[in-house]
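Some structures are shown below for you to check.
Shared between the two complexes below is chain A, which has chain B as its partner in the first and chain C in the second.
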Partner chain A sequence: MPLFSLLQDSRVKAWLLLSPTILYLTVFIAYPIVDSFRIAFVKNGSLSFDAVDFLLYSPLSEFWSALKYTFLLAILVIPTETLLALTAVILLFKRFRGRDAVIYVLVMPLALSDLAAGLIWYSMLTGKGFLNKLLLNLGLISEPIIFFGYENRWLTFLAVYLAEVWRSTAIVFVILFAGAQLINREVFEAAEVFGASFYVKLRHILIPMIKPSLQAALLIRTLFAFQVFAVVWILAGRDIPVLAGEAYYSIVELHKYDVAALYAIVIALLSASIGLIYIRVFRETLLR
Partner chain B sequence: MGDIARYAFLAVLVSWILVPLGISIVYAFTPLDVYYSDAILSTTFTLDHVRTLWVLGAGEAFLRSVAVGAMTVGISFLLGLPGGYALARYVFPGRDAVKLAIIATRMFPIIVISVSLLKTFFALGLNDTLVGLALAHTAMALPFVVIITGSIFGGIPRELEEAGMIFGLSSFMVFLRITLPLAAPGLAAAGMFTFLLSWNEVFMASVLTLVNRTLPAFILNSAFATPIEPIRFAAAFMLILPALVFMFLARRYLVTMWAMAAR
Partner chain C sequence: MSSRRSFRRGEATSRYLLVGAAIVVVIILLALGYYFYSQGGAETTTSPEATGEAGTATETTSPAATETTTEKVTLIWASTQLVPPTEQQFVKEELLPPFTQETGIDVEFIGMSYGDLNVRLQSEIESGKVTISLIADLHGGLDLYASKGWLEDLSKFGSLEGREFPQVLEDYSRLYGIKAYVPWLTATYVFVVNKEAFKYLPPGLTEEDVMTGSEKWTYDALLEWAKNIEAATGQKPLGFPAGPKGLFHRFLHGYLYPSFTGAQVKNFDSPEAVQMWNYLKELWNYVHPQSTVYEAMAAPLLNGEVLIAWDHTARIKDAIVQKPDQFVVVPAPAGPKGRGYILVIVGLAIPKNAPHQEAAWKLIEYLTRPDVQRLILEKVGFFPAVSGVAEKLPEGPLKILAQGVGNQLNTPDSLVALIPSLGEKGGDFSNTYREAFKAIVLEGKDPQQVLPELKQYLLSLFQQAGASLPPPDE
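Up next is the complex of A and B:
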């Protein structure tokens, strides 16, 4: 039976098993991305730049500040997180009682929604929040610090920064920690025995040894930076515009799908450029 | 660096994570008069805010989120598990290209596909339905499921499957009787992780659901509109609770799975 023997062929089997995934991803990811171009640039069957005009010139559009704040947030948050995560990895090299519990806690924010992270930091920083009550009770301030509202934009930005660092240091930590598991502990223990300083351990041992994980963490974290949404939306609304937030606003408030599609394209292009670098650098690792 | 400095720094890091989390939970159960006073922490607690939230519709939203998460896990495993197995067990021309293409689709956040899906769903009458949202979440979860199940199946010795073959089991029965039971714990962890992907997703949920809002959409739109702040913290608590439970259940797989999921 030719059909039966065809099905026995492992090549045919593999493609058959993969076909549902390939089909689904084509329909639900590849097509929508292409379709976004049509939604953004085609109106009544002909080419239209209405969406681009809106994005660039409408007083309702916050495109440039969205681009600015998305990048500003990334530029400030990512180095902070990397430093924190690297430090945590070094301090967790040695085994000690409670080490697993510490790792568990450090990874915890990864399981939480960015929406929850925004609300959690709201409970810390709002007028009746923890920080203000603490400082008032200690007599360090006489009036609560108002973090939120358009006039306090930079304090709001600080709140978003704190919440983002709180939420997403975990992702950098997890990648670096997983990478550090693979390196030779003895080198590190030897350095400890010879009394190497924290800086020496960081600069001359850990960083060179986990360079691939570090690159991966930075690229992945940058990818995530382009989709920052709920934390900013909860804490700042449109006082601090970001790309994904503007896409959301275009859909939900303005009902301008062409503009939202344009934002989708911008985010897709930014993601694709970082993604391509990532896949090029890590081709071998990813295929393992 | 001495041990004391090490523990001190780790203690600071751990508090940095736990204090905000704990505060938001405590405030979710703090009576209003205490919350609006100058007291930092309350000594009495109340379920009022959770109850108010329930009346506002959080209960139904919670159940809808559970349904969407379950459907997402179901569909993405149904479609993705065979693919993961194929990547783990077969060598075939084009394997590398397929694997990289699947990884590449993960680079695109769900925002990128949301506008087009929204329009298509309008045309098909799938807007504001839980199935529609689950289909969208599956697009996000499927590449993860293929890659992670591929790595789980890859960790199971081929020899065990070959032994099954020798004893006369068909390749499907080998998968069912030998491979699947061995992979079960890892797959369960992957399933919980997939559920959380859907559970925590805010953007698509808020754009796609209007009347049938899931929990994140409900919180972003209704719960956050209330001026009573502890109600918002109660909403955050509802969102956090399943995540913490799943994390505890899957704690053995925490670092490996998350490192994998991040790629």
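Up next is the complex of A and C:
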């Protein structure tokens, strides 16, 4: 049977086994990417750089500040979340009563949409919100702290930072915690027998052994950081422009599909290159 | 494959896997093939409800032919207005059932954002499968659709008996050579004052002046008033919806600009405009800093964050309904050139080649009846587009709104501004004013440096859209 022997050829077999994945990638990944290039750069059937011109030179474009704030948020949020998640993993490494409850509480923000998270923080921090009322009643402040508004951009930024950290530390924690669960406890027992200090255990056992999880967590978190949208939109509007927010604004308010597509491409390219860097860096440190 | 003996478990599994993969591939290919076949084929093979409609569309008989049959008709009505949940509930539970009872036509109301409606309409028109039978949108949106040739000419349905539309609405609903829409609702933007604020009126300004919009109720008076309140309470009393989805740009181009320069666009960088921006800079010292995040002013008014706010009537209605004793609606202040304000028009239109057009026209007839318009005013706070409705109003929050709006319309120095029809450039238009505001007021730049460049941009928008400058610019 020629068909049968063809199927037995290992190269054909490999392609055949890969084909569902390839089809999936074509339909759901490659086609949208190609199409977003088309939307961004093709106008009336010919090449057009209108979107680029708008993005870079229009007085109405907020591209550079969007880029700045997106990076700033990522740079501040990701290390904080990683540290917090790592701390939580260390604290929860030992079994104790109520440990499961603590884990549930920590993971709770995962169940919320980021829009809801934004709204919660907004209503908490607004001039007549919970926090201000609490502080006023405690006599700690005499006038409400206004977190939001253009003049208070840095306070708004702080609010966004807090909300982002609150919302997505959980995802980093879950991944790191799962990784930590896989470590053989005997290793730690051995370390204890030899009288290793907390720092030594951390530096030479825990961190090296959860490195793969760390890589996954950081990668996911960084990719999400470049798509940050709802929390910023609710808390800051366009006072703090971010890339995804500007893409949304371009479509909904300006009806500029090409500009929005260009923003999408910028976000995709940033995510891809950051992903690549992570994988490179981690592979090298892992092989060492 | 070299010897039969090697048929072990592993190889058998891999063969199953192989067969499985092959089946998956075949299924996906078949599905794709079917998809493209049905795309290229005809409009006749889609969902069951679409087939019913495709019959009338492809046979090109009069759409009315099917309406007379006993077949149950379901209209799809897409609207960018009445979208908030409570308003949708009103539409579905109170507005539409009497119509269905009367005509036997079911209506599916779909609330959408401007962007979504635009995308959906475009894809439906381009694919030739129109499902939306009726659109309710603002004048600006309908103008955009008419400019692209996406709307039916409604003059083919004849006129609507027994109701009268104000001339200005009649004029505006004719776009690009067709009767593009039937005016349905109107609205405007007003100031709402927490009565608390009247305690701090500056000398020479009375409550009466503010309520009726006398010549003493000016922007300078507003500034004095705000100063007084801040001095007395330490609170910044004014509020504007200057968040990204707020309507603050309307205040800039439809209220401040006409009031100070007599026009929305043509005097954009005039000395009067510079004076106006300097005024706004000063006023902004008394505006609640959270304003750049506010999207609608009802909540900040209700929770007492601001005492005097400006917004769309529909977006402040909640405050008046919940605390009718607390708030009053007042006309906008006047500037040196008059009392500029915007009149908003919501229209009903039928997309090109829409199914069930006769039924849609029946719905338009129903929605523009004076009684129905009054019901909408009572429940949602949109003002009628037909004459003679506002007179018969019951007491209550609505009266407060209607009085304020009426007072604004009846001020002798009234200067009506219409939102320009710029098609897809409408967003850029709004954004230019916002940008000027951001640069001059928030970032403190010199208006004389900011305005000329932006004016060129603004004028180029009108040029590209081939549109004339909006009233009162002529």
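Everything below uses one rule, namely that the second predicted complex is superposed on the first by the 227 of 288 C-alpha atoms of A that agree within 3 Å, B and C clash if a C-alpha of one lies under 4 Å from a C-alpha of the other, contacts with A are read in each partner's own complex, and residues count from 1 in each chain.
Just so we're on the same page, contacts are C-beta pairs under 8 Å (C-beta built on N, C-alpha and C of every residue); 3 or more make two chains touch, one makes a residue touch a chain.
Remember, predicted model here, so these are calculated numbers, not experimental data.
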Which of chain B and chain C A:17 touches, first, second, both or neither = both
Check whether A:136 is in contact with chain B, with chain C, with both or with neither, and answer first, second, both or neither.
-> first
Could you say whether A:71 touches chain B, chain C, both of them, or neither, answering first, second, both or neither?
-> neither
Have a look at where A:251 lands relative to chain B and chain C in the superposition and call it first, second, both or neither.
-> both
Using the touch definition from the top, say if A:150 reaches chain B (first), chain C (second), both or neither.
-> second
Would you check which partner chain A:128 touches, where first means chain B only, second means chain C only, and both and neither mean what they say?
-> both
After superposition on the shared chain, which partner residues are touched by A:271: those of chain B (first), chain C (second), both, or neither?
-> first
Chain B versus chain C as contact partner of A:233, first or second or both or neither | both
When both complexes are superposed, which of chain B and chain C contacts more residues belonging to chain A?
-> B
Chain A positions touched by chain B in one structure and by chain C in the second | 13, 17, 20, 126, 128, 233, 251-252
Hey, which residues of chain C end up touching chain A in the complex?
-> 1, 14, 17-18, 21-22, 24-25, 28, 113-115, 118, 234, 243-245, 288-293, 303-305, 424, 426-428, 430-432, 435, 438, 442, 453-454, 457
Listed in rising order, chain A residues that touch chain C in their complex are 5, 7-8, 13, 16-17, 19-20, 23, 59-60, 126-128, 143, 146, 148-152, 156, 233, 235-239, 249, 251-256
Where on chain B is chain A touching in the complex?
-> 1, 6, 9-10, 13-14, 16-21, 23-24, 27, 35-36, 38-40, 78-80, 82-83, 85-87, 90-96, 98-105, 107-120, 135-136, 138-139, 142-143, 146, 196, 199-203, 206-207, 216, 219-220, 224, 229, 232-233, 235-236, 239-240, 243-244, 246-247, 251, 254-256, 258-259, 262-263
Listed in rising order, chain A residues that touch chain B in their complex are 10-11, 13-15, 17-18, 20-22, 24-25, 28-33, 35-36, 39, 84, 87-88, 91-92, 94, 102-116, 119-124, 126, 128-130, 133-134, 136-137, 166, 170-171, 174-175, 177-179, 181, 197-198, 216-217, 220, 223, 226-227, 229-230, 233-234, 244, 247-248, 251-252, 257, 260-261, 263-265, 267-268, 271-272, 274-275, 278-279, 282-283, 286-287
